[in-house]
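Before anything else, here is the set of structures, which you'll find just below.
In what follows, chain A forms one complex with chain B and a second complex with chain C.
Here is the complex of A and B:
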């Protein structure tokens, strides 16, 4: 179903009633599963993903083989590293996640590319050199998709890695940004948009950007649609700003969970923690 | 499939002997028929026809989503207009719904099932076996396929996608089966508005959509089947085995049951006595214990006594040939004795037994 983008210029409201720089509702939970080393659940609008982190652990025989044989794709980069932990990312898109049931195999190119993007972004951020001869396995499950899938996956991974207590430089947060008119329209006055849903993604050019913490450092940037170069800068600025908003939200979730754990007595209160709790 | 537990032969022997006692002593102190607690919720994904999430006490977690699509029924006799009209005539001639009921020709292929386990390929033999095992059990009573029948030309195609969220810590069969059961109980299909063999039209009010397995009313009937994992260790039969118990099992069985509701008499005040259990399928599962290395008796252990330098290979050869010794671990061989099979069936089917308890537990889950 094509999206009618002509009405945007009238009220400056998007199809779901948001302004150009509004994020959708972001809801996340951390430590959702007892058995895993780290786990998280994240909703960005109707996109719902779950992440389970296992490790750093001794590499399993099967995983190593998959990694080097190129079957897993994402494991290839870190497959045989001895001096740093390798990162294996598995994305499972559930058949029931989209409106029409569509089964995607493990060898789906799009999924593999997302796996590699996430893995490379993490490899630069995590302090893998602290865990030689080990593997960090990130399993991501897509339960429901409504746009910004890669961004949601990256955000969920960050939360799960924090839950697993794996040292990293800073949060990696991601967000999508698009443009209000399609490439073919060639409209130079098009406004940038933040956090697209499926309908908008199908119609409009968009990119996914991930940044490191509060800085402007870009950790991952994916753009698969055609867009005029002149619009790219505006989209990127909006995207990076969105990432900063997402970071604030994720940070709030982590802090809320942390203070809850201290109150429940799971974690010992230390002087350092007390300071941040009073804020 | 089930991950290898890292237990030494001595530990395995200890576990095995304490589990074969009567009554067995299980590592977590449960009785032989006691299940571990689980948390369950349904209706977690609004985008599906039915969904459920179950977390077991050992931390394993699964999500099942059910999606239904309308599909044109392929006519096995070819598109024969004459014959079809004859059917219609005869059906309308009788004029009763009963004739229509008999004509309902359901096929098992209308249910499609996939299992996704992280870290395993989707065409992994173990995963495919697991999916087929669950599918077979669900279709065994023939009830589910009949529910998918719309009219002679159309039917529902049901897609059941099972996701194991956690790493496969133990054999996930019971978890997946219980989650599937709940998801099917929570499944609703749009209410049919059209009649007869017309192109189907549906009520777009989701609130009016009936459950696939209605709970109350005249249509309340069977329930989707559940598959339980039962292991036998020595003479004792253990339900809901943990990972360690599976690692020493002599044999493991997947027992599928379905519940048939007896029709209640009119005005009957009995609420929960109409349950009748039926065994629909049973399969043996290769327990991981078969792959465990054998123990070496201390009399033959040269490292302990330190007498001669016999090569290790030869030593293991000896132990494998010897008759089993008390307290020395030896991987179980052979099939399941008939007596064990019999007692498993007895234990499962008895009134107020394990299956009753599980079904009662599942009944308590809120459907949203």
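Here is the complex of A and C:
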């Protein structure tokens, strides 16, 4: 196995030198695009994504149809096109984002599935009923892939939506969790791992979990690899805990940006603001 | 030169109708000899295609995949193809030159909720029942035998994954319902599909968005899914055994014998 199991069992260090519950470096910026309503740039290790949010805006002629197609089967959204904003998610994976250059068409089912996942997770979280007859368009661009792609996309979307000022219940944050043994039922010493990179994703079973705020509530859960059902609990616990860590990091980024904007005089400090900006 | 296998409808294709209340799914398996993909010379070709036409509901259009259809196709692919239920290497006849191409066509005739579970059941049942013509290789020559010459052989099947979908209701999403009807599906706040086999191996989990659900409830559902999958496995095994018994007339000797019931 390329995941060097011998060193892992000795020093409990992964190939990139992390411990089992270490996140990779998470770096993010919000309000990267001046022209957009909301935008963000997020790096989780070497996975780099950009997100641009447009809206809530009046639906364009062509968009209305796609929005309906996106929300058609969503039970949460129902036929609520009239009395709630519809959400359209587009994911574009750049050809140069992975090691081998591969052209992915618009009809790639894997990408369509990610779009639907993000769209449905947002539909339950955003207060779309405040914007009837409008569309919120989320465009995601994948610049570089190194594992945890869906998680990075969800985190970037959350940041961009906060930048756009769209009311939501809480942060939706996501991360991946894996298990060190691929398939050996008797291996009880298998450790769960947090935030996998591509190499680990190819070798080990893993799942992507997205949670709402600081709670234990799972907004999205995607697992595509074979794993014992008894392993699920450990992986989920580590994943949910990782989401909390991600939330703390994202919250720090939003607060830092907010205080910077006030210092620069871009926005006025409100008297209602209860939180202190000096840290 | 290998010749193209002659299809005989009764032996080579099997139609399974999963008829529950108002839900009919038809899965049809066919196999033919083709050239393998150049990047995987040792693997056969295995594909699952699904079609949701206007027959199911007027909102579905032909040649324009809806969200439901995309998710269904992805789910079947992850559950059956990616989990390695069918040993694709066994479909290889001559490396890089000849292989079997197994194709499952899934037709949904009418849907009344719980489409994913029944579609998955139908595909697994059809594949396990399917027999492909026997072949032999002597030197460079590949011979495909007709069912009369040699008994067709089953596919090399490794494990049978089944889907179990849970739908969540209520403001907190704490009411769990299995096997929902179409009407109930319109009211759900979230749904989660687990694919497992009877050995307790998860092949796939997808909770694609929807209202957030407590993590403990998800774990409980996974355990329930395992029980459901064991039930499905027993049901399918029993049905297949029954069918095998009905078809087994005692081999060639019975066929050649002149005795009859009169």
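Couple of notes before you dig in:
Keep in mind that, in the parts below, the second predicted complex is superposed on the first by the 251 of 279 C-alpha atoms of A that agree within 3 Å, B and C clash if a C-alpha of one lies under 4 Å from a C-alpha of the other, contacts with A are read in each partner's own complex, and residues count from 1 in each chain.
We take it that contacts are C-beta pairs under 8 Å (C-beta built on N, C-alpha and C of every residue); 3 or more make two chains touch, one makes a residue touch a chain.
Keep in mind the model is a prediction, meaning the values are calculated, not measured.
With both structures placed on the common chain, the touch criterion links A:229 to chain C but leaves chain B unconnected.
In the superposition on chain A, contact is made by A:215 with chain C only, not with chain B.
Once the two complexes are laid over each other on the shared chain, residue contacts for A:48 go to chain B alone; chain C is not touched.
In the superposition on chain A, contact of A:120 is made with chain C only, not with chain B. Once the two complexes are overlaid on the shared chain, A:257 sits clear of chain B and of chain C alike. Within the superposed three-chain model, A:35 lies in touch with chain B and out of touch with chain C [touch as defined at top].
When the two complexes are superposed, the chain touching more residues of chain A, out of chain B and chain C, is C.
By the touch criterion defined above, A:144 reaches chain B but does not reach chain C.
Overlap of the chain B and chain C interfaces on chain A: none, as no residue is touched by both.
Within the complex formed with chain A, the chain C residues making contact are 59, 66-68, 70-71, 73-74, 77-78, 82-84, 185-192, 196, 199-216, 218-219, 222-223, 226. On chain B, the positions that touch chain A within their shared complex are 45, 47-48, 51, 55, 58-61, 63, 65-67, 69, 114, 116, 118-119, 121-122, 159, 161, 163, 165-167, 169. Chain A contributes residues 33-36, 46, 48, 50, 52, 54, 60, 62-63, 71, 90, 92, 94-101, 103, 105-106, 137, 139, 141, 143-144 to its touches with chain B in the complex. In the complex of the two chains, the chain A residues touching chain C come out as 69-70, 72-76, 78, 109-110, 112-113, 116-125, 183, 185, 207, 211-212, 215-224, 226-230, 232-233, 236-237, 240.
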